[in-house]
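Look at the two complexes coming up: chain A is in both, with chain B in one and chain C in the other.
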Partner chain A sequence: MRQLLNTLFVTTEDVYLSLENDNVVVHQDDQILAKVPLRSIESILCFSYKGASPSLMGRCGELGVGLSFYSPRGRYYCSILGENNRNVLLRRAQYRYADDEVLSLTLAKSFILGKVFNSRWVLERAKRDHALRVNVKRLSEQSERLAHSLRDIRGCESMEALRGIEGIAAKDYFYAFDDLILKSKDDFFFEERTRRPPLDKMNALLSFIYSVVTNDCVAALQGVGLDPYVGFMHVDRPGRASLALDLVEEFRPVLADRFALTLVNTGVVQSKDFEQRENGGVFLTDSGRKAVLSSWQKRKMELITHPFLQERISWGLVPYVQALLLARLLRGDLDAYPPFFWK
Partner chain B sequence: MMVVVAYDVNTETPEGRKRLRAVAKISAKYGQRVQNSVFECEVSPSDYLMLVHDLVEVMDQERDSLRMYKLGAKHSSKIEQFGRRRHLPVDDVMLI
Partner chain C sequence: MKGPDGYPEDDWLALSGIQHFSFCKRQWALIHIEQLWSENYLTTAGFLEHDRAHDYAASESRGNTLIMRDLRIFSRTLGVTGACDVVEFQRSSDGVPLHGREGLWLPYPIEYKHGKSKINDADRLQLCAEAMCLEEMLACAIPEGALFYRETKRREQVVLNDDLRFKVRELFEQMHDLMKRGWTPVVKTGKSCAACSLKDWCLPELQKTKTAREYIDEYVNDDVG
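So, the complex of A and B:
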């Protein structure tokens, strides 16, 4: 199995990155803040407005180091891609699959099955771990409804029906979500999912984490040679990474939601890490983003046993493994796509 | 895996000083300088072979000495650090 190397986060907003002797050099004015060999890192996430030198970009592409640029506020701009998308046959297979409605539906069902199954187990785990602090009755009810949705998904016959079931399941799940927040309930509460812009702190946190996970999915798909922009459930739209959005569904509950809850429940992220802007949207502050990203990196290094491969891998490799399994399905090496079912 | 590269280059002659710079430059390609002539390199097995090959190429077998300590994948428990740090540890969160 591939080894997951470290990610270099550059969150200081006025630094410049350059290349020297296969190292990425972080400059602030005349000072050199750090020098890291490109071979020992997986990717660089740059939140600085000053950017990076073209020679660094070129070398990153060559060595397969991911280099992504964000605004200092965390808005995604672009990534550098190397020559790793060479497998044209795989991409052709992907496009044919995406054009076939029946095949696309089977795949879409797998993704949503994974999502609802994982959502249900997030609720079930909360029941088990914090029986005295949560509303067990409500969690049981919602978990039961999700179990129903699972059956509906198996039997559903059109993409519209599937979207409908997914919507209901998401509502059922988020209805019980507030119960999972155990600490500082005055600041962190959850009524409904809001986005563009997120209207409260919990939504702001979720939105930020979702964008980070989705970006990891884009990188994973690109890494195995798939086209992240051609999805099976999400409709093609210019600039939208539809396949990454399809793939991220199964990870949302286990990887993103539970991570967000852990941050709140352990006090890593607090009320002061958020700010409200003129349009009413709530966003993470610089320090908040730093806290989230550094915990995220630690989380990615934690080991789990992959339910399908039965191999020890780190959480950070899960999107990569699922992308690999998806590629195997498209190439015809697997009969069905095994979603990531996590209990 | 983590490899520690430690070297001793004889610098009595101008050629020796040139070799010292070359050895340092090659090591810095693969790892971070943690002390003056000590580098910690997080490398894949194939990178390791290339690193050794490049270093042996420039060193003078009669005058210099090169030692590689392989710490494996679980290196963090095998390294202790005291005093000033001059590099960014690769096993911790890398945030600047």
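So, the complex of A and C:
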């Protein structure tokens, strides 16, 4: 399976990146802070306002190294897209599929089946791993409700109905979510999901991790030649990566939520890593973001067995493999989209 | 679609694709239809070794031999285009005139390959296709060519017989047909999948595992009970 290489996060806001003999060179004023071989990198996320040289951009495009630019506070600007997007027949198949309500619904059902299945197993795992700490009765009740939703999803006949079931399932799942937080309960608690802006530390952490996973999905989709902006469940809206939002659904519980819980329960992320703004919104500080991202890199290297392909791959490749399976479905190689079921 | 004058130029395929296609139809389709390409060590090694052979400027003339490198070729009737690594032209009374050269010349195509001679005909088919292009371009007959293997440093002479020519025509026809339909075939997996540079895109495992529907049923039904 494809190699998962490192991501280079450039978080110092006033450095400049350039190319020298296939190395990324990180400059600050007249100093060279680092030199990294391009071939050892999967992607570069640059949070510096000074940016990168055109020759580095060109080489990244050629080698298929992802290069994305963000504001120092984390607002996404743009990415370099190389020559890997020539698969025009695939994209046409994607658009045809997206225009077809029946086909779109079948796919959307797969994504949501994956999401609810995985949500359920996050609760089941917590029951097993922390039986003495958690409210087993509440987790069992909520898990049972999610099992109901799974049945409803399979029988559902419209996108509207599917969205309704998804909403209920999300409520049922998050109702038990606070039970999964085992440490520093005064600082980290969960009542409901808030996003714009996140109003407590747990929501702030979840929001940040969701954006990281969604970004990985955008890169994975682009990497296999799909258009991340044309979705099946999320409808087109200018500037919204709808397909990445569709794809990320099945990963939220296992890749994002569990990761957030681990960070809190092991004390990697603490109260001091957050700041509250004037609008009441809570956000990670720079050092908090760094702590999350460096753990994220390690997490991505951990191995699992892919449930459908039965092959050992790293967590970081899961979005890529699912994007590839999606592409294979659209080109007619598969009879359905196999969601990533985690147990 | 092929007309009375052969295929229109827009529909020409890459000649070297015949090698991929005879190796695995799916691999060819992934590269040429789906436009996916990844380099593994085999293709990278091949590319590096090819550097010198593919240098038209390095063409030379030695007495009765004229050596042309990286000669661009095509065939309207086959609907393909590509390049010959090396074509040796021998001065010969059986030969054909060449523009800007005195005398008559007989072309002899040589294709450079890394590794060694193989049992399958992929390399021979490519050579034969190149010869068929040259025959059409120069209006001559080319009964023989050679494969040069870098690992063994051996030249293998290849007689371009009717069987080989028939196979070349047949394969290109199948390739044109798939290209026209935009279809990527599903094929049997085998030992060769392990060394294939497109394994990660092809996902040969797909053809071994259960269907996606069975997989979903198994997980969700078991779970819901």
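Going forward, the second predicted complex is superposed on the first by the 343 of 343 C-alpha atoms of A that agree within 3 Å, B and C clash if a C-alpha of one lies under 4 Å from a C-alpha of the other, contacts with A are read in each partner's own complex, and residues count from 1 in each chain.
One rule holds for everything that comes next: contacts are C-beta pairs under 8 Å (C-beta built on N, C-alpha and C of every residue); 3 or more make two chains touch, one makes a residue touch a chain.
Just so it is clear, the structure is predicted and the values come from calculations on it, not from any experiment.
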Check: In the superposed arrangement, does A:L113 touch chain B (first), chain C (second), both or neither?
Finding: second
Check: Looking at the overlay, does A:R196 come into contact with chain B only (first), chain C only (second), both, or neither?
Finding: neither
Note to self: After superposing on the shared chain, does chain C or chain B touch more chain A residues?
What the structure shows: C
Margin query: Touch test for A:E311: chain B only (first), chain C only (second), both, or neither?
Written below: second
Checklist line | Which of chain B and chain C A:K137 touches, first, second, both or neither | finding: neither
Notebook entry, point to check: In the superposed arrangement, which partner chain does A:L293 touch: chain B (first), chain C (second), both, or neither?
Noted result: first
Next item on the list: Classify the contacts of A:D22 with the two partner chains as first (chain B alone), second (chain C alone), both, or neither.
Entry: first
Notebook entry, point to check: For chain A, which residues are in contact with chain B within the complex?
Noted result: 3, 5-12, 15, 21-23, 26, 33-37, 39-41, 290, 293-294, 297-298
Note to self: Under the stated contact criterion, what part of chain C meets chain A in this complex?
What the structure shows: 33-36, 182, 184, 186, 200-201, 203, 205-206, 209, 211-213, 215-216, 219-220, 223-225
Check: In their shared complex, at which residues does chain B touch chain A?
Finding: 25, 28-32, 41-44, 47, 73, 87-88, 90-91, 93-96
Note to self: Considering only the defined contacts, which chain A positions touch chain C in the complex?
What the structure shows: 1-2, 86-90, 110, 113, 117, 120, 147, 150-151, 154, 224-225, 307-311, 324-325, 328-329, 331-339, 341
